[in-house]
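Just passing along the structure, written as structure tokens.
Naming follows writing order (A, B, C and D), and every chain is counted from residue 1.
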Amino acid sequence: MFALQDLHLQGLSLLSPELTLVTTALVVLMMDLIWKERDSWRLGAIGLVGLGAAALQLVSAHGTQGTAFGLVSIDNFGGFFKLFTSAATGVCIVFVMLDRRERRHRIGEYYFLLLSAAIGIFFMVGTYNLLLLVLGLELASLASYSLAGFHKGEKRSAEAAMKYVVFGGLSAGVMVFGISLLYAVTGTLDMRVMSGALAIDPVGEGVARSLAVALEQSPGMVALAMILILGGFSFKISSAPFHFWAPDVYEGSPTPVTTFLAVASKAGGFGALMRFFGVLFVAPDVGEMVAAYRNEIGMVLALVAAATMTLGNLAALRQTSLKRMLAYSSVAHAGYVLVGVAAMNQAGMEASLFYLAAYYFMNLGAFGFLLYFSGVTGRETLESLRGMGPKAPMITVPMVIFLVSLTGIPPMVGFTGKLQLLYAAMGPAEGLQLGWLAVCLGLNSVISLYYYMRVVRVLFLEDSDEPRPEPQVPMAVFLCLMAFLTVWFGLFFTPLLDLARSGMDLLT
Amino acid sequence: MDLLNLNPENASTLLSWLTFLPLIGMCVVLMLPASNLRAIKIATGLFTFIPLVLATQMYFGTFDKTVSGYQMVQHFEWIKVLGINYSVGVDGLSMPLLWLTTILFFVAVPASETVPRLSKSYFVLLLLLELGVLGVFVSLDFFLFYVYWEVMLLPMYFLIGIWGGPQREYAAIKFFLYTLAGSVLMLIAVIALRLDTGTFSIPELVAIGKAGGFTGPALLGMSFTTWVFWFLFIAFAIKIPAFPFHTWLPDAHVQAPTPISVILAGILLKLGGYGLLRGCFPIVPDAFHHFAYVLGVLGVIAIVYGAYVALGQTDFKKMVAYSSVSHMGFVLLGMAALTEWGMNGAALQMFTHGISSAACFLVVGVVYDRAHHRDLNAFGGLAQPMPRYWALATIAFFASLGLPGMAGFVSEALTMVGAFQSQVGWTDEAIASGWMWGPFQWLTLIATIGIVMTAAYILWALQRVFLGTLNEKYQDFKDISAREVFSLAPLLILCIVLGIFPWFVLDWMEVSVADLMQILTFAG
Amino acid sequence: MGVEAYMGVAGMLFVLGIVCIISRRNILYVLMGIEMILNAANINFVACNRFGNGGVEGRMFAIFVIILAAAEAAVALAIVLNVFHLFQSVRPSDADMLRD
Amino acid sequence: MNTLTPNDYTLLLSVLLIPLLGYVVQIFVGRSLPRKGDWMLVGSMFVVMCITVYMFFVHAMGHTGSGPFWNESARTPGGPVFRWLYNTSNVPGDQNLIAGLLYDGLAASMLMVVGVVSFLVHLFSSAYMHGDRRYHIFFANISLFTFAMLGLILSDNILFLFVFWELMGFMSYLLIGHFAHDPDSPRITHAAAACKKAFLTTRVGDTCLFFGMAMFYFLLPREYNQLLEQGLIEGERALSSFRFADLWTMGGQIVEANHGDYPMWMTVAGLFTFGGTVGKSAQFPLHIWLPDAMEGPTPVSAMIHAATMVAAGVFLLGRMFPMMSPEVLQVVIAVGAFTALFAATIGCTVNDIKGVLAYSTISQLGFMVAAIGTGGLGLVAGLFHMVTHAFFKACLFLSAGSVIHGCHHEQNMQKMGGLRKKMPLTFLCMLICTLAIAGMPLFSGYYSKDRIIASVIDSTLTQWRGGNVFALVALPLAAMLTTFYMFRLIFLTFFGEPRDHHLHEHAHESPWPMTGALLGLASLGLFGGHFWLAGDPLSINGTWFTNLVEWQNMYVTSRGGSLDLTQMNMVAVGEHAEKTGHIWAIGVSMTVLALGFFAALWIYGLKKLDPARITGKLGLVYEAVRDKYYIDEVVNATVVRGTMGLAKGQTWIDENIVDGTVLGVGRLGRGLGTLCAWIDKHIVDGAVNWLANTTQALGSVVRLLQTGRIQQYISFAVGGALLLAAFHILT
């Protein structure tokens, strides 16, 4: 009896970050009802405090291993993504606070939805159990659906939400169906049981088969299940072939929401995906049967990666809207990150984590720039930026750094990320040949240079008589900070490397 | 020979100081108010002058030209996890080029006087560019090398794109795309080497390559070293620029403002040749041996083809640009010949062409600032209003024509004789049957066409611009000003001094070139 | 009658659902298609649970999926309503402002 | 062997340094000096002349040492040397080019000739160029020009010979183009074209020379060492070298080992080397630059055509003679003889007084080259002719200049006439030198030309080869024509009635510096031949000059051994053969002299025969000759046009093929809409553009997928998933 209580208490203590976020979300909701303010900084502050507290707990819990209620497992890998999510969500909240067009709306719910999406991601990346994974994913998705359609009166927003929800529902269904097939062949929902890491199912008490056995009995079924589950993930990370929604939804949604989708929820999707494939295939002690199958999966992932980055970059080439261009570029980056996963070994996983970290700085910076200028000029086209470069250097020079980093040119953090990815692609798991993927990655960064430099060109190389935009100090400070970090971690990226490496306890 | 002697007594921080002085200067310039352009110019001049002094001191003082291996080495771990080190050092190949770099950047500052829309950011970018160039020349770690290599791109993009001619944006992005494409190939090759050997350090890679220690897999029927060689070669050949990859050069040159053309032709092209000598050939000497004659052919094509295309130009600057293509062909030919003289000639050619082409671009700039066009056929008789200018221009152009007694001749003669001595592709029966003749002998013979054509286009241009009847539009042109002379004079003096005393540079290169040859011939 | 029959039915249901999503001209039917897919999964879970191991996970999953479907339907209907207000149409293909 | 002390070498070095210093001073401060600094340069040239003459008479002429006269500073302890390429000790010797001074008989005599002539030319110019707007520049250039020639003579290795050779070409470029800066000069555009033409044409020859040089440098030691390994030669391994002595040594031993015949590559290399002579010494077909070079001021013409530039080619031939295989020498004879004849015919038709002299120069150079081609004594004769020709041709040019100066820059002989009263001194000098060039006995030209013809006869008698036979026919003819057109010039200019009275009124004798220079040169033209002969006017053998430049001596010296003469394609000339050859030669030259003179007298002097009738009879032939056989037109049409066409073509290729390979593909990619855009400058040019275009095209294709229809998205997605599944399950 007491033992049970102890167990509960211990589990709750392990779940403290999640609980903090839940309480924060509820507090925000209630205070919104109480204060009834349209334009509230205080709510945002509360949200930030909550996120900060969660982040602190995550940092302090760094290195602790454990499983709460047999479902939620605490490890550095999950910790990395939780930290990432809370940081990204915090930035999104800051964006909302800085963007006066956003504050027209029911601000409390806005924060509430952002926070609950974050909670969903927390659970999604923090579990070995497919059921909980699906639940977390759905929680995040549901919140995101409503966020995408948050500007109720706007057609574009509504359309974005509609597309998002339909596509999301479909891919959720596909994923769940795939999971059902996997359940059919293995008889369990726990990845560790499938991989054979755990002998007995921590939750269910049925008889379970490991994936190796399942592969012998019905390989076709497993393959189908893998593809379907991959489909579900690739919706979340907006990779081919489930990326079609991304440009439209990113364009239609409010910019802070776009930021959240492009950074936080994408990273969350990667967290779940990497945990899934990592535990099932990459873990050190998989049988040779699984190892052989791993390489096939790796090839599939490589194809997906190549297709994603190429499609994203090509489509981005001739965009006239900065927002849509960034949407495509984030699609392409999903492809880049996938390269690391496709390598199907620890180095690859590390590379992916590292690149996500790099992606955090440069993409948040780019979206901050977008937010600032769409707020100033009211437009999101490249034209509206003509000749702005010299007029607002504190905003545009960081943007140049972000773009260069997104292209992957030293000494920016984006380059070191790409370096790791190339590294991974050229030294994948044995039996896997991904040299072509490395070349494809290189060529893609050349292509991407073209459209990234179009922004620079419009900003600096062309002239206009537009008035100088009025400054927005906090945003400038934020961008400069991000730019500094982009360069700093580009030159001294050991901390990021250690962070990524520490996340590899997933595979032990 | 000691590839990387890290013994403490010759370790020094001089090179790091040299490399990062421009960065300091950049910060200083950033501090200055944008309105006070004069102060900014003075500061930039100062912070290009200090490196010049430092490099000169190194060249004549610190650098010991009699010992082989790297000197003034500084070496510490940068990113331990990936085995990336910050290791810098110079040898006889890089030291002269380093000196040349500081000279040309110092010259470029007064030459920037007439750049339109001149502003603070121009000088900031100029200093940033110098940082990148110096870094490439000193770095002994491939990762560091690559970082500096890419650091050059962005300033160059802006310098061409903002302060360039009418088609500047097009030229700038073309330059950027071309170079980045090359860099990506280089990056892939470097990573392949790293995965294979576990080190980024160039000297270690050289040692491993010398020992034939690469174990990489063969792909598509080509061996690992072959892949690495071609990837690296293309990366550097784009910078040189070698024949098929040269088309970015004319646009970049024509659009860039004068000082940037000076730097572009004077140094950035040399980076390609330097990269080949430092980072490509010694690492995969066997592949280099195998494809040497291909390189020779490319070089000769560049020589002849470039000369002909230059002859066909009506734009003064474009002509000079194509002449660079032609002259850099000699570098390739000399390297490919695999002879002491050829290698010395190529190395020297990089230096001398750096001087003479820079001088030529300055000369073109002078006339462009007055006439605001560069159409060769629209000039004529300019020697009458501006005799001093004619004299200086004559020196510059005859130096690049390769007139004996001037810098160009020495390197070209060395290259040609060296190429003629080459025994690459000789068959045993050819040697046995006293008729000692092979591919490179033919190539040298063909290259002589290029020499004659060089004389042709330069003389023709001089005639069309300076001689004959004066176009009265230009009656009242001012003769070359003191500032222009100030930027032009050092180069011309060097042109003549090097023509009479080539050992002024050759002595510095000789030992390193000998080591290099020893590595390269070792494999063959 | 083995588990294969149930799974066959589930598979058909899945395919039908996708066809319905792709082909129907009314957004509500599209949502129904999604429900069909989810239910196909449910059939799998329950069947496999029944015929496979004696655990509870399958049934648990089924129940949760039903809840999910309900939640999703709620959000989706709200959004669809909004779309209908703004576009005056229930044809999903009528909302194509966001495109290249 | 070496009879010079280091101090003597320093003296020789000062011969080089004085004009160089003069140039540097003049170019910088000349404008501000009184009289624009000409006195300084004339004075410095005077010093140079004194030194050269002193060196010549004290050392060369008074040479009594054992063995021939042969001094190399590099081989003299303490002698001045110039380390060129490297200054470090740790460089292999074959790379470390050490240049020194070479002072042998040839150098000595040539040095003196150049010293004397160039001093007189300087003196002449100080009056002739007076009032020129670039007076000081002119003096600076011409003294640097002299410096180049002196350096060429004194250099002991072929690479430095080449260096000074090119430098001289450059200075000739500047000097010929002197008037191209002068808006007042009527010939400004011609000058601009002429200087370019001169440099370019010679540059072609120079490139050949360079290549031949490279071949010798590389292949000679290889062959030598191979023979060494085969034991056919005893000695130590040879290193590559540019030094004449080493070249001769190795070459001679190789030939010796091959039993007297040359390896094939030596023939090729020799031909390339001879190409240099063809360019510089204006042999057919590269002679075209020389007549145009008349655009330069007359003193420049005197310099270029007498002592310095064109002589350099012959000098080179003399230096490299031992390396020339018999085949090469045949080519040399043929080219020389043909040039002599061909230029002489043109000379008969030209009316420009300087033009006549120009073509006569070409023709005389032909004589020298052909003579050297005959080998043996011919070499002596040719070099001898180079010396004498330097004197009288310089004098002729300067007198022509004086005439032009007197006639206010009128150059057409048809407008002159009867000037001998007006300018007697000029007339006197010109007459003397005309007799000299015509080969009048006891005049300097006689000895050399007579010797040339003698050597041709001898060589033909001994070896019945095509080249020799042709020379045997061509050279006497050329000699006759020479006499003819030279006297034509004399008669047209100085005799008869003045045809243009206005011109005649204002004609006047030139000031003293010019006439002084003229007299000096004229006396040399008269006696310049004698003092080489050691007071033996009719002798051939054993004369002093023969001993001095006897090539066997040079050769033997350099080898430090003796050699059977027959091995060096040398005619084994016995007493008898020589005498006969010589007697024949006297007869022939007398005859042709008489014929030419009387023809000229008949037609132009006594006007018994109107030239128009002859020309009318000759018709097309005459026109062909008058138009210089259309060589210029042909070259222009073929070489120049061809080159420009090629250049244009390659430019086109560069813009449209190399860059635009892909443009085509780009078009396809971007569809018909961009079909017209290829003209657009932004789209033309660039594989990069192509890349951009195609990728962008692909981009727009990809964007077609983004229809905005959610259901289409889903179908795409499902399709993609199915593809993946297919791929995954099938593999």
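Simple rule for what comes next: contacts are C-beta pairs under 8 Å (C-beta built on N, C-alpha and C of every residue); 3 or more make two chains touch, one makes a residue touch a chain.
These numbers were taken from a predicted model, which means no experiment stands behind them.
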Most central chain by CA mean? B
Sort out for me whether B-D or A-D is joined by the greater number of C-beta contact pairs. B-D
What chain is the most remote from chain A, judged by the mean position of CA atoms in each chain? D
Here the gap between chain A and chain D, centre to centre from mean Cα coordinates and rounded to Å, is 79
Chain B and chain C: spacing of chain centres that average the CA atoms, whole Å: 65
How many angstrom lie between the CA centroids of chain B and chain D, rounded to a whole number? 36
Separation of chain A from chain B, taking each centre as the mean of its C-alpha atoms, in whole Å: 45
Which residues belonging to chain C are in contact with no fewer than two other chains? 18, 21, 30, 92, 95-100
Identify all positions of chain A at which a residue touches two or more other chains, and write them in rising order. 162-163, 166, 170, 174, 247-248, 315, 450
Multi-chain contact sites of chain B, meaning residues that touch two or more partners: 177
Chain pairs that touch, as defined at the top of this document: A-B, A-C, A-D, B-D, C-D
In the complex, the residues of chain A that touch chain B are 390, 400, 404, 407, 409-411, 415, 419, 422-423, 426-427, 435, 438-439, 442-443, 445-446, 449-450, 453, 456-457, 460-462, 492-494, 497-498, 501
What residues of chain B sit close enough to touch chain A in their complex? 78-82, 121, 146-147, 150-151, 153-154, 157-158, 161-162, 168-169, 172-173, 176-177, 180-181, 184-185, 187-188, 191-192, 194-195, 219
Which chain C residues qualify as touching chain A in the complex? 3, 7, 10, 14, 17-18, 21, 27, 30-31, 33-34, 37-38, 40-42, 44-45, 48-49, 52-58, 60-61, 64-65, 68, 71-72, 75-76, 78-80, 82-83, 86-87, 92, 95-100
Where on chain A does chain D make contact in their complex? 162-163, 166-167, 170-171, 174, 220, 223-224, 226-228, 230-231, 240-242, 244-245, 247-248, 296-297, 299-300, 303-304, 307, 311, 314-318, 447, 450
In the complex of these two chains, what residues of chain D are touching chain A? 692, 695-696, 698-703, 705-706, 708, 710, 713-714, 716-717, 719-721, 723-725, 727-729, 731
